[in-house]
Every structure is written in C-alpha cells, then in structure tokens.
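For reference, the structure is listed below as structure tokens.
Labels run A, B, C and D following the written order; every chain starts at residue 1.
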Amino acid sequence: MTENLHLWVIPILPLIGAAINGLFGRRFSRQRVVTIALAASGAAFAMALWIATQFSSASAPYVTYLAPWIRAGNFQVDFSFYLDQLSFVMLLVVTGVGLLIHIYSIGYMWEEGGFYRFFSYLNLFMFFMLTLVLAKNYLLMFIGWEGVGLASYLLIGFWFTKDSAASAGKKAFITNRIGDFGFLIALFLLIKHFGSLDYTQVFEAVSKLPVEVNGIGLLTSIGLLLMVGAAGKSAQIPLYVWLPDAMEGPTPVSALIHAATMVTAGVYMVARSHVVFDRAPSALTVVAIIGTLTALFAATIGIAQTDIKKVLAYSTISQLGYMFMACGVAAYSAGIFHLMTHAFFKGLLFLAAASVIHAVGGNQDMRYMGGLRKYIPWTFWTMTAGTFAIAGIPPLAGFFSKDEILWKAYGGSWVYWLIGLITAFLTSFYMFRLWFMTFFGEFKGNQAPSHEHDDSHGHGHGAPHESPMVMVIPLAILAFLSLTGGWIGGRLEHFLSPVFNDGLAEASEKIGETASKGTEHLLMGISIAVALLGWYIAFLLYRQRPELPARIAAGLGGMYKAVVNKYYIDELYAALFIKPLVDGSTAILWHTVDQGVIDNSVNDAADSTRHASDAVRHMQSGNVRSYAGWVAAGAAAVIAYMIWMGVR
Amino acid sequence: MDLHLALFLIFGAVCVAGAINLLVQRHPINSALSLITVMASLAVEYLLLGAEFVAAVQVIIYAGAIMVLFVFVIMLLNAGEEARTGGSRIALVIGVPGMIVGSTIVAWVLLKRSGTGDVAIGSLPGDPKTIGWLLFHDFLLPFEVTSVLILIAIMGAVVLASRPELSSHLEKER
Amino acid sequence: MVPLSYYLVLSGILFACGILGFLIKRNIITIFMSIELMLNGVNLSFVAFAAHWQHLSGQIFVFFVMVVAAAEAAVGLAIIIAVYRTRETLNVDQVNLLKL
Amino acid sequence: MLSIETFLIASAIKIVIAVFVLLTAVAYTVWLERKVVGHMQNRWGPTRVGPFGLLQPLADGIKFIFKEDLTPPHVYKPLYIAAPMIAVICALTSISVIPIGNAVHIFGHDIPLQITDLNIGLLIILGITSVGVYGVALAGWSSNSKYSLLGGLRASAQMVSYEISLGLSLVGVLILSGSFSLQEIVAAQSGSWFHIIPKWNIFQGQFVAFFIYLTAAYAETNRIPFDLPEAETELVAGYHTEYSAMKFAMFFMAEYANMITVACVATLLFLGGWHGPLFGPRILQDVLPVAWFVLKVVAFLFIYIWVRGTLPRFRYDQLMAFGWKFLLPLAIANLVVTALVVALRS
C-alpha cells in the first residue's frame, strides 16, 4: 500500500468544530463561533488540497484503517477510509463548496438567533458528508448517509418555532427513511450473500458473478434496493416530495445540502456501486427511466412556480434526474461530471437567490421582484453566470456536462435523449423566466403583501441593497467555477476511468459503435439551439409581452392548474399512503391493538393481581401480634418438617 | 438427690415461675421484675454449669443495665396496666397452638430421642482469663463487629429518642 | 449430675414462654421483655451445650447475644419512646396503622 | 477442705458478725458525718446523747423502729414495700466478698477475714451494686408522687450512666493485677519501692483511675455533689419523699452501707488493702492489717464527708454531660494507656 494520507482527519475536523460550537457555542460570541466553524471546514478543505498534491492515480486507492468496529464471527466492519478517484472528486467538491457556503453563511446568518447552532449543524453535516464519501464500506457510508439526513433535518427545521419548517424537516426525514429502508435491505442482502460490506471484498465477489440478463436475480434486487435508497436521498420519483418543502430551511443550507452535496449522495452511491449495476442491466434500466422521468417531471413543475427557491428546488430535482439518467446508461463519469458542475452552478444559483431575497428583505415571490439588476449588480452578474451555465449555453459548465449526458443517453436510447432534450429546453425556459422576472422590468417589491417571512433579516422593505462582501466573494468564486468548470470534462472522464472501467466496458464500447463524431456534433448543435429557444421564449413571454403568460395559463386551464399544484402529488400521497396509514394506525394499531389488546392485557394482569392481593391482604392486618402468630405457626411447621425428615 | 440436681430444680422452678409471672402480670413493671428474677436465677444456673463469668455478666449487663433501661422507660412513660384488647384473633387461634405444637415436638425430641449425657457441676470453668483470651483471639473479628453494632445502636437510640425541637431549644439556651 | 436435656428443656420452656408472651401480651414493653426472655432461653442452651461439648465457644456466643440484646434494647426502647410520643399508647393492638 | 457443716457454720457466724459490724459501721458513719460536717460548719453536731453524742445513732435507731409506719394511700403497695428491702439487701450483700485482712488462724482452721472468696469477687460487687438501682428506682415509681418519680428517674439514669465510668476505671487495676479476686488484687499490691513508696495501685499509675472511681462512686451512692435523686431544694426528698419510719431508715442504711462498700473497694483496689507497716509483737502483727484497712476506709469516708461539706450540688444536665463527655472518655483513655504500658512492659 501507499503512504498514509490520514484520511480520517478530514471528517474529524468538522466534527470537532461541531462539538465545540454545539456544546459551548451558546456562551461564545459570534466571532468566535465563526472562527471555530471556519477553522474546522477550512482545515478540512486544506487537508483535501494537501491530499490533492499527494494524489496520484497510479497508487489509488488509498486506505486508512482507523479502528475495528464490529467483529462478529467472520463478519467484520472497520472504521476505515478509502480514497480513489471518485471519492477524491467528491471530497474536493464537498469541502470546497462547503467552505464557500460556510463563508457565505457568515453574512447571511449574522443577524439570526441560534447562530452557533447553525454553524454547529453545518459542521456536523460536513462531518457526515465526508464520512459518507470517504467510507471504505457500506456500513460506514450508511452512517454518513443517515448523518447527513439528520443534519438535513436539523437544518430544515432550523427555525423550529415555525410550524411549516418543523413539518418540512419531519417530511424530509420520513421520506428519506423509506429510501433508507431499501438501502438497509440491500446491505442485508450483501451481508447475507457476500458476508461483507467492504467495497473491495464485495466488488471482488460481485465481479466474479455473471451478468443477469433475464429476470430479477440477486444483483438486480440489490441494485433496485440501492436505487430506492438513492431515490430517497437524491429526491427522485417517487420520493422527491421532500425536497421542495426543504426550502423552508435557511437558503445557504438549501445551497449546500439540497443542491450541491447531500442530494448527490444517491448519485455517488450508484456510481460507487457501479460494479453491481453493471451486472444488473434491468436495474440500470430502472435507474435510467426514473432519472429521465424525474428530469422531465420536475422541469414541468418548475416552469409554473413563482417562489424563487421552489423553482431552484425543482430545477435541482430535474438536474438530479439527469445524473441518474447518465448512471442509468452506465455513463457514470458523465453523471459525476454533471454532479460537479451542478454543485458549482446550483450552489451559485441558490446563494445568489439568497442574496436576492436578502436584498428585497425576505420576500421570495418572484412576482414582487423585478428590476433588481441595477440595485444588486454583483448578484445579477454572478446569477447570470449560473443561469447561463444551467441553461447549457456554451462555453459554460452546464453545457459540457449536460451535453455529455445527452450524448451518452443517446447511446442508450433515443427516447432518453429526446426527453432529456425537452427537459433541457424547459430548464432553459424556467431559468431565464426566473432571470427576467427577477432582474428586469420594474421593481415591484412595494406591491408585495406585507407578510413578514421568517427568513427575513429585520431589514424591512426598503430599497433593495447589495449584500456584504463576505457573501459576494463566494458568489464570485462559484461564478468563476461555473464559467470554467466544464472545460475539464474530457480530463475528468479520463481521471475517473480507473474507477469505472475496471468492470465491464460494454456500455462505452456500445456507444462507440453506435455513434460517430458527426452525430455527436449534430446533437451538440441541437442542444445549443434548444437552450437558445428556451431563452427566446422566456424573453418573449416575460420581457416583451408580460401579459401573455396569464393568457396562456388561462388557455391551458386544468393542465396549468395541475402544474402549479405540482400535479397534486402531495395530495395523492396524502390520499394514497398517509391517510390509510393514519386511519389504519388509528383504527387498528391504536384502538384495536394498543387499547384493545395491549392495554387490556396489562390492565387485566393488574386487575387480577389486585383481586388476588385483595383476597390475601387481610393477612396484613397491621397487628403485630397477628404477624407473630403466623411466625409461630410457621416455625412450628418448619420444626415439624425437620423433625419428620430426621425421623424418617 | 444430689446438690446439683436440687439447685438446678430449685432455680429452674424460680425461672419458670418468673417467666409465667411475666405473662400473668398485667402491669409491665411487675413483668419487668419477674424477668429480673428469671435472669438472676439463670445466673445461678450458669454458675452451676461453671460459667461464672457469664453469670456475673448476666447480672451486670442484663439485670443491671438492660432491665434498668426497661424499668426506666416504664417509669418515664408511666405505663399503666395492660388493657385486655382483643386486637388479634390470629395470635390466639393460630399462634398459640403453633407455639404449643412446636415446643411439644422439641421437648419430645429432647427427652426421648437425644443421646446427650449428663453434665457435671462446674464441668467447664469459664473463667474470665480464658474467655478473654478466646474473645480477643479466636473471636476478634466478631468482637470488633459487635462493637460497631453497639456504636450504631447508640447513635440510633440517640436519634430516635431525641426531640429535635427540644434539643435545639437547649442549644439556643446555652 | 443433671442430664443435659434438663437444661435444654428449661431453655425451651423459657423460649416458649417468650413466644407466648409475644402472642398474648398487649403492652409493647412487655412484648419486648418477652423477646429478652427468649434470648435468655437461648443463652441457657448455649451455656449448657458449652458444658456438654467442653468447648467455651458456647459461652462466647452468650456474650454476643448479650451485646445484640443490649443494642436491641437501646434501639427498641428508643423506638417505643418515639411511638409513645406520637401515638400516646403502648398497646400494640392500637398501633396498627400499617395496613390497607 | 472444710466439711460442708463446718463451712455452713463458719459462714453463718461470719455473716452474723459481718452484718453486725456493718450496721454498726453504718450507724457510726452517720454519726461521723454529722460530727465532721458540724465542725466544718462551725457547729457541734450531736452532743447530747452520750459522750460526744456517741450514743446518738442508737437513739436514732430506736426512734426509727418505734415510729408509726405510714403508708400513703395512693402508692403501689407491693413495690412500695419491696423497694427499701431491695435497696438494703443489695447494700448489705455486696460486703460479703470484701476481705478485710489476711486469713487468721482460729480454732485450728485458717479462717479468711471475709465471708467468701470468689475469683470473680469484684464482678459480684459490681453486679449487686447495679441491681441496687432497682431499690431507688422502684421506690420512686411506686410512691406515685411526682417528686419521687423524678428522683427515681434521675437515680436510675445517673447510676446507669456512671456505672460505665466506674467499671472502666476498675479495669486498669484489673489489668495490673490480672485477677478479679479481691484477695489476689490486694496481694498484687504488696511490697514497696525503696521501702518508702508502697506499691499501691494508686501509685502504680492509677491515680487518674482513682479520681474517676472517686467521682463515679459519689454519683453511684447519690452523694453530694451528685445527690440529685434526693435534692432537697428541688424534689423535697427525692425518691424517699413518701417513706417514713423503718422503711426510710432502710434507705438511709442502704446509702451509708453503699458508701462503706465503695470505700472498701477503693481501699482494696487502689490503696493497697490491708497493707501497711507491720511492727510489734505477733498479736499486734495479726491485728495491724485490719487496723490499716479500717483506717484507710475511714479516711476515704472522711473525704466523702469533706466533699459534702464543701461542694454545691450539680445541675442535672451538667451531671450527665460531665459523666458522658468527660469522665467516660477519660476512663477509656486511662484504660488504653494502662493497657499499652502493661503490654510494652511485658
């Protein structure tokens, strides 16, 4: 093995920060809280950079063994960390974006109560996310997986006094639970059949198995169950419903957790388990279908949302769908590439949106924005970079990664490509819609209904103003990354190839056969055209003729209503799952089982005890002499027995 | 009839008479005096068995200290004659027959079935020196443990019998 | 010469008298004295056995019994005083609150 | 070995003599007290009956015997009558193991000057003295009078308390002599250092023990300064308030007999018993030990009377505090030191 990179230090650093701030932060000044939190995440990033200087593909993967954890018979799980090219990319993204969002949060959260709590949670999230990424076995990954869920729950419910925030936190947690259930069963299957959760051992065992072409075999089951977990964490159909609600949390949290890092954990997990998926084509197909459908579905919802954060949330779901689509056609490196660029531009978009919200004093409704370009130029220009990046305008980051995915999807099936293309158009449309509504036209902030959002900062509704430098600088850095991040595309694929090509090379070979260089350029052109079309229609509807959207909406009638109400999915789930569950729990579990069976049996036991005691309690007369009488009689009995035994 | 048996019977009779008198007398002070009689006669029985030190300690500790405490408490509380309340039927219905049955069995076993021999007068001289030697060598640990027991009993008695408000009043006066 | 069993029977009679006193007496002090009577009966058997087995341990036990009796008397009488203070009676038939 | 008849006859004679001598001694101790205290208080004391009032005790005795024996109506009669008897019997019995000199050779037998010599003699004295408490306590209770009851309560508490210190003060002596037998204890004190200082226990480091014994003995016998059971100024006459005539005389005799017993024990245990310079002819040498013994006892009694004429009475809580908090720890300390010294010396 190679030299020791002390990988365990990276997650531990944020944990220390979280512990210090969480335990003692209440008495600290804000400056000290910030110092500790930044020191923790900054040190983690510095460590990641140091590792980057040491890293060489030749000697990957690096392994750091920390301590034994579970030893049960032949089964063994350790605290050990693992660094290959895939986790290296994730490590840099998580620590880098995480550090930027830490810095940004200083400005954004400065006036909030529970300041120390926020940074403690952020550091805690960093710890779990890094554990997830660096784990060497599925169980440790699961710890991180659950831990980021916990941090997400805590941060969504950061303003826990607000009922909607608390509910959103619970919703996120419970929905994730469903996915985690699938993940856990997958882990059990792994233990049962391979006797280990260690990546190396599992993948070694899996790679010896044949490809499951027909039916649902072991690997297909594991793959599908893993996908259930990924769908929960990465907000895919049908478990995406928690992510829009998660926007109740502070916006930097949305940027960090619900856009850049945590929600991509599912993608990472699928990519990490690619050895399994490669041998389970049906599972892979399911992944692709889910990803494709989610991408289209979320994008359609996104075009009708008026809340700036909700638009971005559905956009995130949609983009995640792209990543799964990529994974589904075995283009893992394309998925990871998009993951990385998405982390840059979606983080940027969320932070910029936060800056906008900050600027207009807490309002999130785009209908009451507009004309902000001249008030907040830094935000405008950075957000422009993000918007163009996500819309797929070359030469920004999003174009490269998205085009890569569409190209690989085309290799899988033209249906994927077509739907991806439609989604790309919709993405471009709703993003430019957001852009136009927010920054162009007249400022309509004064017409806003005077609701005071809890995400406000006590500024009141004055003239919009630019954010402080501490918030602008991370925006600028992310904007720069969004601009340039796509240029490494080819090199990233090459860099990741040791991870993904050690298995079967069929998929990429297939693409190579079916598509030529010309097709690739044609498809690229179509992509660009579609993106520009989206820009033009948005320009038409929201810049030139602002009255048109309402008429179109009226024309579409029921369909528009369905889109605005997110296809009634929440209501559907409520009717399909929640209501039967609640009713069933009430009628069967509560009234029948708990009250009828358990309570009654307990009560009956108590009652029978009481009746029996009632019969004999008269012995307890309180009269000492009676007690003495019993003692004397008992002594006589004992003596008689002993004598009798002796005589016999 | 030899002297030993005669003395045994005389003082045994005194013992039993005292014990029965303890039960018959209704006033606790009479019962206490009966008990003192029993103890004094028992001391003589001990002397007959040669346990002279035990006899002396019996008189000094039991008759001279413990029973003085009883008499003292009877006087302090000015205990009157015992009321014949019928508080416990069980004691009479179950306890007394049980006691009688138990003692009858034991007595029968002792008299009929025991192969124990005779005891000569003063056959085992328990002089203070030997007893002290045993007590401070073979029985040192139990001895020390009982000293702790006594200490605890003293403290317990003080705590139980003291009236807090009264003692604090006295403290203030001082 | 007196048979050992005579001593034991005497001790048994004293012990039985003690039990009987415990059963039929109402005055708590008298009941306490019945306990002392039982202890005395046991002491006699200890000394008698000591003489029979020619071993002084029996007599040593008597001292321990006495110490325990003394401790018991001290604590017990203190309890009696405390009870009398609160209940104003020495009749155990009237001190019967400890029941359902 | 004496035959049983001789033993019984000799014992009976000795008992009669002892009781007679003791009662006479009691009577003249009373006379001595009245006389000494009288002189201390610048009075004459009894002078009318006989020379120096020497026949006064006799007159008192006759008066007590012929006075009407009053029994108050509310007393608990059996114990009211039994109490003085218990007191006086215990007081007189305890003298039975006290030797007053070496054995004398009379009628061809070696007759010890003591009713019986037991190897647990000292324990017998302690036992009988401790039983003597009942006389006082029961008298106080059976009189059915609050003064008597208070006196009886005080007496029993006081005597039980001081008995511990008293017993512990004697243990030091027992360690030195290694015996409970009074004869042996006295024998252990024979001889002297440099022909000047006698080897009495009081000079063998038991001075503190002697002081403790002295103090505790005053409390045991209910004498000033510890005469709280019969404190005239508080309780009329304490436990014997309701007694008169011969019953009162019994308490009176018991008190003085106890004083004499205590004085004898002090003499035997601390002051070397009958040891003293022997000189003169054979007959004198036989008598002198007894004389020495009597002299020491009288001296001890004189201290009793002297203290009575000097010290005021303690308060009750002072009495208890002194007994438990000073005398008892002191006695224990003395015991420990004595035991250590003996252990180190051997």
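Here is the rule we use: a contact is a pair of C-beta atoms (placed from the backbone, for glycine too) under 8 Å apart; a residue touches a chain by one contact, two chains touch by 3 or more.
Bear in mind the structure is a predicted one, so any value in this text is a computation, not a measurement.
Among the chains present, the centre nearest to the common Cα mean is that of C. When the interfaces A-B and B-D are ranked by C-beta pairs in contact, the top one is B-D.
Chain D has its Cα centroid 101 Å from the Cα centroid of chain A. Computed centre separation for the pair chain A/chain B is 83 angstrom, with centres defined by C-alpha atoms. Rounded to whole angstrom, the centroid-to-centroid distance between chain B and chain D, based on C-alpha atoms, equals 28 Å.
Chain B and chain C have centres, each the mean of its CA atoms, that are 6 Å apart.
Those residues of chain C in touch with two or more other chains are numbered 19, 23-24, 26, 92-93, 96.
Contacts with at least two other chains are made by residues 53, 57, 65, 69, 74, 76, 87-88, 91-92, 95-96, 99, 102, 106 of chain B.
Those residues of chain A in touch with two or more other chains are numbered 621, 623, 625, 628-629, 632. Chain pairs that touch one another, listed by label: A-B, A-C, B-C, B-D. Partner chain A is touched in their complex by these residues of chain C: 19, 22-24, 26, 31, 92-93, 95-100. Residues of chain D that touch chain B in their complex: 78-79, 118-120, 123-124, 126-131, 133-134, 137-138, 140-141, 149, 152-153, 156-157, 159-160, 163, 167, 178, 180, 317.
For chain A in complex with chain B, the touching residues are 621, 623, 625-626, 628-637, 639-640, 643.
Those residues of chain B that touch chain C in the complex are listed here as 2, 4-5, 8, 12, 15-16, 19-20, 22-23, 28, 31-32, 35, 38-39, 42, 45-46, 48-51, 53-54, 57-58, 61-62, 65-67, 69-70, 73-74, 76-77, 79, 82-88, 91-92, 95-96, 99-100, 102-103, 106-107, 110-111, 114, 116-120, 123-124, 126, 130-131, 134-135, 138-139, 142, 146, 149-150, 152-154, 156-161, 163. Listing the residues of chain B that touch chain A in their complex gives 87-99, 101-102, 105-106, 109.
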